[in-house]
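Every chain is named by a letter (A, B, C and D) in the order it is written, and numbering of its residues begins at 1.
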């Protein structure tokens, strides 16, 4: 079993929903589709208030090189367009669509399957771009940009990321079990963008044995190699997965294509298949609803824009009165929400309802200088130093590699004194960004 | 400035050792016994008095560019006088103070007072200031050496008082000196801060 | 759903079960074998001592928390660990008030004053042990023998090595030292119990393996080299491994997370440094046990080890003109004249003062009274000064000479020894010594000096009882007593060569 | 050779200028807030101390003793040190501006430093030969350097610890120096 070289932790997995198959959620009455669901500039709105739209119709175009277009998840009327809470924590311009129940697809979309080999490269890339496909692992980087790396970078390895190392989440696992062929087709489509002679791996952690067996049967005839990984958090990260499978290390300041690798999430491959073969835009995704405080835990395929409150009703309501933590995403890298009427977006991989977390346990104690956060950090940083400097002299954190940190949370997980290391690192990033911005405006 | 305020500021409010933290070298080294402490205090007071008088009288003639070396030479001459007098009249004190008598020259208190005060004020005031500072310095030395002698060698003025309880020897040695002085200064800061708050409160 | 109040906090939301309490109480658990061994070897007095130290440590931390209005954190186990570790460093017959004073220094001065848990720079238990060692040298260097009912005491193996040399030290079998049946502090003796206890810490990864390995490795290498070079003079590394506080220090003291470097490289250098210093102090230093000093000194280096900052340059500085040099020289001449005057006045008094000191010393060591006039100073061939005391009829009543021996514990001891005309010692007076206060400086006491009264050069075996001589040495100050005896003997020899040889001739 | 080693080890570790002899406490407390300034001060003191002892030794041997004016010792030494500091500072400016940048700020502080004068007088009292007394001065300087760099490392680390209000900076620095002195006592008796 392979794994990445340095750092990593073993949180208890709590994958309660690994045996539950994916249920498709009925279309809720009101959908809220925010214009930022990806990394890059927000999409530009092309519909007006009160306009009638069809299912899958594009309501906002990608604006600039790094951006992704947004589509209406259902057919209905645009009720209102206003700033609304977003699972990222800020208020974002959101389009409210009231579904008319007819689920009428826009023309030319949702056709039955065609063979992707007949399509040319440009045609495939155009379909992916039009369908608004983004990385579904949690980052949300537009896939069409990722599939056209700079010319001088040679890609020789393609990795399908089935690690899903976050506790509680089982969406990718269920997807791999139920949609294996579609995912492999999607992977072949992605592979077709690169010169042949490409080595293709599928990385799956050992805590998903059924997925590994199934993938082995289906993938080996196509020449894809399934790599069994030792379960270790944060193996799902690009750098860690590349290091685990190909032993290459992506240095600080480098990107995966600098070492000739390309990593894609399982859900992204499925979305690519649906976009290219069935010309279906990205209007729904699979996510896990779990946690002690929800009545019955489920893996659901929900349309983008469904309110968390609708999902709570679908899953039987809140189980315990003392629930006070709602997380969008996993417990390690997810974000706590302050209200229930927040929509699902393209990168929401799970919704967790945590029972009353003991506040006393969250109190910050003095740092024991035990060095465990240094051992846990998978990009070789000194979290204790970064968090101390962030409180004293923010600019110097840049010298100690602040921007390499992907905020995976391993350091704060291991810290015996429960110090908020990730918080101070995020704070330092924001402060440095402001300082740079002020510097830039003064120079003009 | 009335004379009395000039005199007693050196003892409590601006005590050279405990508040201004000047001249720590002799304070730490010499206060193993009370007699040494008092001897050093008096010697320093004598030098301080002498140099303040001479400098306040000659204040005008010394060009400002080179006043520090001049003050040093004047102070050095007074120190040598004291050194010779101690060697002549109390060899025991000379043996115990040892190298620290010549080192009064570089004691920052004397140079500090000469620079900050004596060269700018009248003779009478600088004499009072010298006496005040000298007594403040001796008081601080007495306090520290009393604590170190009682705790360290279980005696006061070399007469054993603690009987059979074995004394805490570390106070006679260098580590004890540092720690004892540290504690005294902390207590002084604690009280000055408390009284400052009381005054602020009262006002 | 409406009435649930949601809390927004920082990721990550699941955290490891680790906590300060868990770490500290595991260390306490790891110390249990050593505590059991201590009670087994040294009886209930050891348990009482450990109890006193722990309770006073927790008590002091509680008082500080109350005094500084912090929330009560004295039961997080760190105070308990410090208390037990301190107790394991003390001899079992140490008076209780000294143990409580040690706890006070450890918790209040070394830990809380520096900002409490996580900020202290020095290991509290260790600093307290060194404080007690220096403050009460007698009480801290006498170790009760295991299983002894009435607390007979003997020096620890290392103590024997330091004072008696290798021959005596080899009498202790290594196995006895390993399981702990040998004199020493509570925790030091039983190496087996310490290793047993530390297994859980290594398994749960609460201490790094780097520091103990590099520490013990460096010590054994250092002592090994010297043992290889001179097997008779220096003890074998195995001896150093089992005896003394090496294991207690390396496994529990040097691995205290707060006072050791965070980075791996830093820990390696820290361990090697501790090992080297322990070796140096054990083989060449004054104190038999070097571990506690070595760790304290390396604790001081920890901030530097953690901080390889580049060197920031200083700022500019102004220049002064030529004119000032002229004024400076004329002021110099004026003060030179002033000093010439004072030197004339005080020249004779100084000579008289030196004279008086010498006479004062002479008067103390001769049993009979004499006036200043009777003293006459004679010189032998190589210019050695002799003080002859003459009677009225110019015959010799006594001779005194100044001799010294550099074999003293702290360095040179110079004495003034007085002898009668027929070669019997009257008395001697120590002029200067650097012996440790409270231990070595007892050579000045009357009790020790009386032994030499009336002894002649060849009628008395000029050695300490330990070297099967007649002089009974001061407890725990053998080296000083041997040096004093040697100095008196030298004085007698010099006098006998000058006076008796000439008379005989 | 043994005596050289003896003097070196005793000057740096055993009778350390700060911990055993209490010389130079004022700059030790004043300048040790940051490691960079502390190491600068340390080097400057070593630099000046060695030169000062060399010159005072010559002065003592060929001027004071022949003319029997030993009583002028304190005056001459302090004058030598004051002028030496000025000359060194001018020379430094010309020879190596970089070194000047590093040490420049500390030279005026040194004139009132008891360690320099103390070591000069000590080497006279111990009747060392010329080479040994210069070595003694250099090693005492190194001892000062070692002590002040370790000390500034510690002070920088406990800068933002929540030390009780009345113990901030000077008192806690004195207690730290006390514990350091206690640690260095381990070396006592090292050299017979």
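Note that in this section a contact is a pair of C-beta atoms (placed from the backbone, for glycine too) under 8 Å apart; a residue touches a chain by one contact, two chains touch by 3 or more.
For clarity, every value in this text was computed on a predicted model and none was experimentally measured.
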item: Chain of greatest Cα-centre distance to chain B; value: A
item: Pair sharing more residue contacts (C-beta pairs) when A-C is set against B-C; value: A-C
item: Length of the line joining the C-alpha centres of chain A and chain D, rounded to whole Å; value: 62
item: Gap in Å, rounded to a whole number, between the CA centres of chain B and chain A; value: 71
item: Geometric centre distance via CA averages, chain C-chain A, whole Å; value: 63
item: Centre-to-centre distance between chain C and chain B (centres being mean Cα positions), rounded to whole Å; value: 31
item: Chain D: positions in contact with at least two other chains; value: 71-72, 75, 79, 83, 164, 167, 172, 175, 179, 182, 185
item: Contacts with two or more other chains, residues of chain C listed in rising order; value: 109, 116, 119, 131, 134, 320, 325, 328, 332, 335, 339, 342-343
item: Multi-partner residues of chain A (each touching 2 or more other chains); value: none
item: Sites on chain C touched by chain A in the complex; value: 1, 4-16, 18-20, 22-23, 116-119, 208, 257-258, 260, 262-264
item: Chain B residues touching chain C - in the complex, by the definition given at the top; value: 62-63, 65-66, 69-70, 73-74, 76-77, 80-81, 84-85, 87-89, 91, 153, 166, 168-173, 175, 179
item: Residues of chain A that touch chain C when the two form their complex; value: 9, 11-12, 14, 167, 309, 312, 317-318, 321, 323-327, 331-340, 352, 354, 357, 359, 361-362, 365-372, 374, 382, 384, 407, 409, 412-418, 420, 422-423, 426
item: In the complex, chain C residues that touch chain D; value: 68, 109-110, 113-116, 119, 121-122, 127, 130-131, 134, 277, 280-281, 284-287, 290, 292-294, 296-297, 299-304, 306-307, 309, 311-317, 319-320, 325, 328, 332, 335-336, 339-340, 342-343, 406-407, 409-411, 436
item: Interface residues, chain D side, partner chain C - complex; value: 35-37, 39-40, 69, 71-72, 75, 79, 83, 86, 89-90, 93, 98, 100-108, 149-150, 153-154, 156-158, 161-164, 167, 172, 175-176, 179-180, 182-192
